[in-house]
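Structures incoming, each one as structure tokens.
In the two complexes below, subunit A is the common chain; its partner is subunit B in one and subunit C in the other.
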Partner chain A sequence: MTHPKRTGARLELKDVTKTYTGHGEDKHVLDRINCIVEPGEFLSIVGPSGVGKTTLLRLLTGLTPVTSGEILLDGKRVTSPPEDLAIVLQEYTRSLMPWLTVEKNIELPLKLKKIAKEERRERVQSAILEVGLEGNDSRYPWQLSGGMQQRVAIARALASRPRILVMDEPFASVDAQTRLDLEDLVLKVRDDFGITTLLVTHDMDEAVYLADRVLVLTGKPAHVAAEIAVPLGYPRDQVDTRAHPDFGHLRGEIYQLIRGKR
Partner chain B sequence: MFSLLRRFLISSWLVAALLLFWWKISANSESYFWPPLGQIATQFKTNWLFANVAEDVVPSLKNLAIGYFIGAPCALVVGAHLGLSEIAQRIFSPLVNFFRSIPGVALVPIFIMLFGIGDESRRVSIAVAVFFPTLIATIEAVRTSDAVLLDVSRSFKFSSFQSLWRVRVPSGAPMISSGLQVSLQVGFIVMIVSEMLGAFRGLGAFTVEAQQSFMIIDMWTGIIMLGILGYIFNVIFELIEKRALRWYRGQKGLTT
Partner chain C sequence: MRFANPKNWLWLVSFGGAILIWQLVSVNLNDRPFPSASKISNALFVMLQTGEFWGDLGVTFLIAMTGLIIGIALAVPLGLLVGLNEFAFRSTKFILDFLKVIPPIVVLPLVLLMFGTTVKFSVTLVVFGVLFSVLVQATYGVRDTDPVLLDTLSAFNASRYARLKYAVLPSALPFIATGTKIATSAAVIVSIVTGLVGSGPGLGHSLSVAQTGGNFPNVYAYVVVLGVVGILVNMLVSAMDRRIIFWRGK
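Right, the complex of A and B next:
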């Protein structure tokens, strides 16, 4: 099977600041976040729980408005969810339509975009193959394991042919083995399509294993503590890459940043 | 096959026992108002299998069907849109609450006044009475849609119309369905009462007429017929619901 190689989108955050207002006192969560993600790059975002990772993700996907600063996707300001962007959320049990089969779930966004039937079918089938769900087309999400449900969510995201894929702790609540499989799936997807990929995680190993670069957020309000390049080669391998001495160093560096020690 | 039989036995033995009890205890009844069940059964056969069905049952059911299939879909559409808008809800909720606290049957005299004692007034009464339970359920169902699904809709750029009918309404279908069921029951009651108030035909009319002319056995057959019909409607509704909401039962891990 051949995949048309697409070019990823370029994402730029300029002094992105978020203060939640209402519900009593204001909450200043993000403070002047700056970052550039190049086309096709894989960026992990890590930080302690509650630091504002989900908030940052919601801002750059246009689901929540910024308080100040701006987010540019290929130079265009993001104010609502952009066309070229797809999201995979942490809550896989809640993010699929339980009344639709796997196939219909993946197809729905295409259908509502009025994409022709043949093309829809082709895209759905190739997405199902890509994530390794063949044979499950007509099952319902609740008949699938957590890992499989998350694969459906990824397939749904891929079927819309995004140029940037954004994931919020997508593997946080699946078992260890499934998690490794899904990590490799995400790497493969990035390779196959060349899409820019952002992944939020609180797992430092996962952040390093997957990324070209790791963005570390700390503090209240959160700021960028460091941007750490990951010079590990490709393809990554769950055993070899993790055993590499650099892997341990990077991991330790991030760990200390998050713990606030050096 | 065996389990089907068992299910049937479990769900029907109490009814059978009660009927048997009624049969026994009324067998030698001399009371004018409590005739032997045996006599009622014989008369039931004469009245309803299937002599007067076309004349007295079919028109009633037609009114119910027309009223229901106008009232309920309207409630679905209006409720879905009210559920979307907090402002619309605040404006309309006093009105809705006022009208829904009026029992459906109390509307019948108004519509008789407005539309006469023909079928129109009965159909309108049914449609209006059916409207409110579905309306309330739909508003609530649409209002309480899962935030994650709505984020997904937004991220895929569904229009608000699309996310209403493709996400909010289907995900609220279980709640909407209970509203539809209550509507059906209310519609059935209004169908009967509307015929009791000045109709010439229909099951309700038949039953009061029998009572007023002291044909007590006929009255009993009418009441039993109403019971059977109401029961059948509920069974049919639940069968359809079970099919349509298979996903919901599956998701909840329900097996029956």
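Right, the complex of A and C next:
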């Protein structure tokens, strides 16, 4: 790999609160969420479905404004989608353009950033290599399997050379084997680039396997139930790491947190 | 082997069979409004050698295409605007649905009074027949844009214009193509009806003249021509549709 090592961004959530107003009654979704993610750290955010994980993610990406509190990326307040942030969504089939080839899909955000053609091509090619999609440049998303489509989405996120990568249940709709492969791909990406990585998931095993730290959200409105450090060390391994006694222990702890508060 | 599969030539058998039945029945009827298939094909053969016929065909084609192009050129931008604006969509929905179902023949007398039996009259009517179906389709196409796609683009800091160009327009395209398909058949039909009912120039008018003159073989010959024109136009539009909207249904 000829990628230059990059440093991740530092993310800080300060009393982040979200209330949806209108449509009858107000809906208080998030209540004073506080969290600091250090540069290069991998943070998983888990919680029962419907807890407001996706809402939190929309706030982070600046797609939805916070009601109160603030989100700081490298000390700068997030009000619109930050330059240094890239996102991978669960619905890969819907987030890729069916009328564009793999190459063009990955290139699109670079085009929007008005990056010169030569550099665009170079970045697209290295992103394709990084996620292992060689030889699929000119195929269309619908000609690829689900796992490969999600690789395209990850490559697209990487091509813009983000300092923070945010993923919303990215592996929820692929088969089990593909899921493990993609998990390891994400770990490799974090290793190669040193980017700060946030993963929203409802899968506790996945949360523990990938992260340095797990943020557990529970309740209505959601608040931080616990921040759990994952001292499992690297490299992680799908067999050994998951068989480690600490893994089961952490998993159990998170499970009880989520169960107990419901 | 293409001919090994009956699917590929069955249409020819049924088509030939239909002509044969027509021939047998018409010979026995021996009545003027039902000329035999052989008489019709003779009339058609003679007709194809006249400059008048090709002139008519050209005029009809020109009317249909001009009306179609003007109609689409008006409908697509209007449809996109209406689709992009919630207020515009809600306030025009009823009016558009209402106008869409009015057959052009209803407004024919009015347009005839305005322009007389001219090409302008026929084209205007074709535009009327084309406009609303394409407009409504374009509107729905815009509104069908996947919100996930729009969010994705927004997360890349895409401008409003970029979202329009990279998400909304391509999403609306299959709908516009469907509208155009419907509109193309409508354009051909209306271009003929303007001649048939409104005495506008073209094939429709010649058919109507043949009918009043009692020249039945010619009437049927024209019908055959219209059928062929219809099939060719449909094939052309379908082929274009498949080429342009290659991702449809994926």
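Here is the rule we use: the second predicted complex is superposed on the first by the 260 of 262 C-alpha atoms of A that agree within 3 Å, B and C clash if a C-alpha of one lies under 4 Å from a C-alpha of the other, contacts with A are read in each partner's own complex, and residues count from 1 in each chain.
Basically, a residue touches a chain if its C-beta (ideal position, glycine included) is under 8 Å from a C-beta of that chain, and two chains touch if they have at least 3 such contacts.
For clarity, every value in this text was computed on a predicted model and none was experimentally measured.
Peer 1: Using the superposition on subunit A, tell me whether subunit B and subunit C clash or fit.
Peer 2: Here subunit B and subunit C cannot both sit on subunit A without a clash.
Peer 1: Regarding the shared-chain residue A:Leu112, is it in contact with subunit B (first), subunit C (second), both, or neither?
Peer 2: A:Leu112 sits against subunit B and subunit C alike.
Peer 1: Which holds for A:Pro98: it touches subunit B only (first), subunit C only (second), both, or neither?
Peer 2: Both partners, subunit B and subunit C.
Peer 1: Looking at A:Ser160 after the superposition, I want to know if it touches subunit B, subunit C, both of them or none. Which is it: first, second, both, neither?
Peer 2: Once the two structures are laid over each other on A, A:Ser160 reaches both partners.
Peer 1: If you stack the two complexes on chain A, which partner ends up touching A:Tyr234: first (subunit B), second (subunit C), both, or neither?
Peer 2: A:Tyr234: touches no partner chain.
Peer 1: Check subunit A for residues that touch subunit B in one structure and subunit C in the other, and list them.
Peer 2: Residues 61, 63, 80-81, 83, 85-87, 89, 91, 94-95, 97-99, 108-109, 112-113, 140, 142, 160 of subunit A touch both subunit B and subunit C.
Peer 1: Show which residues of subunit A lie in contact with subunit C when the two form their complex.
Peer 2: Residues 61, 63, 80-81, 83, 85-87, 89, 91, 94-95, 97-99, 108-109, 112-113, 140, 142, 160.
Peer 1: Provide the residue numbers of subunit A that touch subunit B in the complex, in ascending order.
Peer 2: 61, 63, 80-81, 83, 85-87, 89, 91, 94-95, 97-100, 108-109, 112-113, 140, 142-143, 160
Peer 1: Using the touch definition up top, name the residues of subunit B that touch subunit A in the complex.
Peer 2: So the residues of subunit B in touch with subunit A come to 146, 148-149, 151-152, 154-159, 162, 166-167, 170-171, 173, 247-248, 250-251.
Peer 1: State the interface residues of subunit C toward subunit A in the complex, per the touch definition above.
Peer 2: Touch list, subunit C to subunit A: 146, 148-149, 151-159, 162, 166-167, 170, 173, 246-247, 250.
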